[in-house]
Amino acid sequence: MSDVVLSISHLTKRFDQQTILEDLSLDVREGEVVVIVGSSGCGKSTLLRCINALEEIQGGEIRLRGEPIRHNSKNLPEMRRKIGMVFQNYELFPHLTVLDNIMLSPVRAQKRSREETRTEALTLLDRVGLKEKAGSYPRQLSGGQKQRVAIVRALIMHPEILLFDEVTAALDPEMVREVLDVIVSLADQGKTMLIVTHEMSFARAVADRIILLEDRRILEENTPEQFFTSPKTEQAEKFLQSFEFKRKKES
Amino acid sequence: MDWGYIQNVLPLYGKAAWLTLRTGAAGILLAAIVGLLCAAASHWRVPVLRRITSAYVEISRNTPLLIQLFFIYYGLPKIGIRTRPEACGILGLAFLGGGYMAEAFRSGIEAVDRIQEESALSLGLTRLQTFLHVILPQAAAISAPAFMANVVFLMKETSVFSAVSLMDLMFTAKDQIGLYYRTAENLFLLVGAYLLILLPLSMLGSVWERRLRYAGFGT
Amino acid sequence: MPDLGLEVLWKGKNFARLLGGLWVALRISLIAALISVAAGILLGVLASRKHSVFSAILQVWLGIIHIMPQMVLLFLMYFGTTRAFGWNLSGETAAIIVFSLWGTAEMGDLVRGAVSSIPAIQRESAEALGLRPIQVFRFVILPQAVRRLIPLSINLITRMIKTTSLITLIGVVEILKVAQQIIEANRKASPNAAFGVYLTVFVLYYLACRPLSLAAKHLEKHWG
């Protein structure tokens, strides 16, 4: 078995009095694609935000390749450079061009040379079909294009793991495909990924493992085949049913 | 209107206008620096400093410049702090303007979405890098109209400098009227001089504002 | 403890005189504010109609008021009218006129802005319910506009109070003038009076303005 990249053990997250995640443990191995599903408000996004230490945690531990990630530690920026995160609303920097958005962190935070970064940025942009947009500003791009740029911006850091937080939720339906295709091709390249999504057919296609998060904890962990055809738990069945439309017809 | 007289006193007004511009610019520059530091302190929630700056902002915004100047110029020397008139004017303007600039910058910074900061942090930028490269450029664009309005406002506020015996435009006009009773000519020159200084500034402000609103990089 | 010249305040009626001076300043701002609110609402409502001449008048008026320092406006009113029309305005009257001209223009602009900032769909949906135009204005537009207006007009009054400090320079005996008189009268007995008295004036202005700006901020937050 390959190495564990991300290890979450006994994680507890509370907002004021409300517990969002409780005693949650999860390992992600190298090259593995783990997809987290669950109804809205179940804490999926909070889990990703905790991994990146954008949220303080109230209990447990998160380790990346054995090194703990702590909200207030000195080496947090360094740890975050090893975690690529893509947000629901892209969060590109509106005052920078596409190329500058991508180059900001490698140049400023990783102190890599401008030339080398630029070459890599253009290669990556080319791969997602956006090379000619390098000089554009975010507002000149469509939602799907912005999200592909955001993925490139995360990739160029050569992260150990990529986190995707409902990256197609804000997109018009016709743009969902172009973004998901990029993520599938990353899976094919063997990238380690943790994905939160509502796109069930995408989840089934891309995942090595599906996790159902409900009620503050992991309710079911399964292979995609099993999860979608014969889930282990009643909750999973219920959850899957909520995506189907049935209409009784008298005939 | 006696044009001969106007020609005679024109150099006096030129000198006074230069003084107004010089002290105004220096005071505004200092005010901008003070304002930026205050805004940064409140953004980073620096424990004690944050309290001090917010108290300062309230005091500077809730008292008139003239009273601030009187206190600096006539009050402070009694406890051993003496300033020359020009320095006093600049200091007073910086004290007043610092509060206004702090508010302009602070609201600009607050208007930048928090998730923009998180997105930069998640890329592994440090807090300082995030502030300088991601938050500040966006905040600057948002604050620009308020900043320019403050510049015009502060430039206008210099008109009380005559009270601490600076020979500015107001001083010159008053002096000349007192000496020669040439009210019309001097009021004409006074208004003209201020228009010459303030019109370009305020026009620059509105052009800038329009540019930002229509051609900005906003999403 | 160095001599801060604070003891002068407790001599005779000095402190009461200072407060009296502050009242002169406050009275001028209050009168001007009342005039401004009344005239400003009228002007603003008239200017908020499409293609109204009042809108053009308001723009020019506001432009003139905004570009000139208030000190210059006071000066023009005080000295200029004597010269041009032979009026002999008292400093106080000149100040009330200037402040009212300033306040009316600003209030007018605020009212116009508040009224036109209410989305057209609000008016349309009220009309669709069958309300008459005057009812639409009274029950839909006005209540929403007033909420935006109140904090902004409080801010205007605060600025007026601060600006009253200037009227000492056109000869009105208000707080700053009284302060100078007190310092002058006690030159021998308390040479450091300038520190204590000007500090007091500073604090009094703060105490007059701070509650108002606090109230404005509070209302802006809760009604904004």
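Which chain is which? They are A, B and C, in the order written, and residues in each are numbered from 1.
Methods note: contacts are C-beta pairs under 8 Å (C-beta built on N, C-alpha and C of every residue); 3 or more make two chains touch, one makes a residue touch a chain.
No experiment lies behind these values; they were computed from the predicted model shown.
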Subject >> Third chains touching both chain C and chain A >> reply: B
Original post:
For chain A, which other chain has the most distant CA centre?
Top reply: C
Subject >> Maximum inter-chain contact count - chain pair >> reply: B-C
Subject >> Geometric centre: closest chain by C-alpha means >> reply: B
Original post:
Approximately how many whole Å separate the CA-defined centres of chain A and chain C?
Top reply: 55
Original post:
Between chain A and chain B, what's the gap in Å when you average each chain's C-alpha atoms?
Top reply: 47
**OP:** List the centre-to-centre spacing of chain B and chain C in whole Å, with centres computed as mean CA coordinates.
**Re:** 20
Original post:
Where on chain B is chain C touching in the complex?
Top reply: 58-59, 61-68, 70-71, 74-79, 156-160, 162-163, 170, 173-174, 177, 183-184, 187, 190-191, 194-195, 198-199, 202
Original post:
Can you list the chain C residues touching chain B in their complex?
Top reply: 2, 4-5, 66-72, 75-76, 79-80, 82-84, 158, 162-166, 168-169, 176, 179, 183, 191-192, 194-195, 197-199, 201-202, 205-206, 209-210, 213
Subject >> chain B - residues contacting chain A, complex >> reply: 113, 115-116, 118-126, 129, 133-134, 137-138, 141, 217-219
Subject >> Touching residues on chain A, where the partner in the complex is chain B >> reply: 49, 52, 54, 77-83, 85, 87, 89, 91-95, 104-105, 108-110, 137-139, 153-154, 157
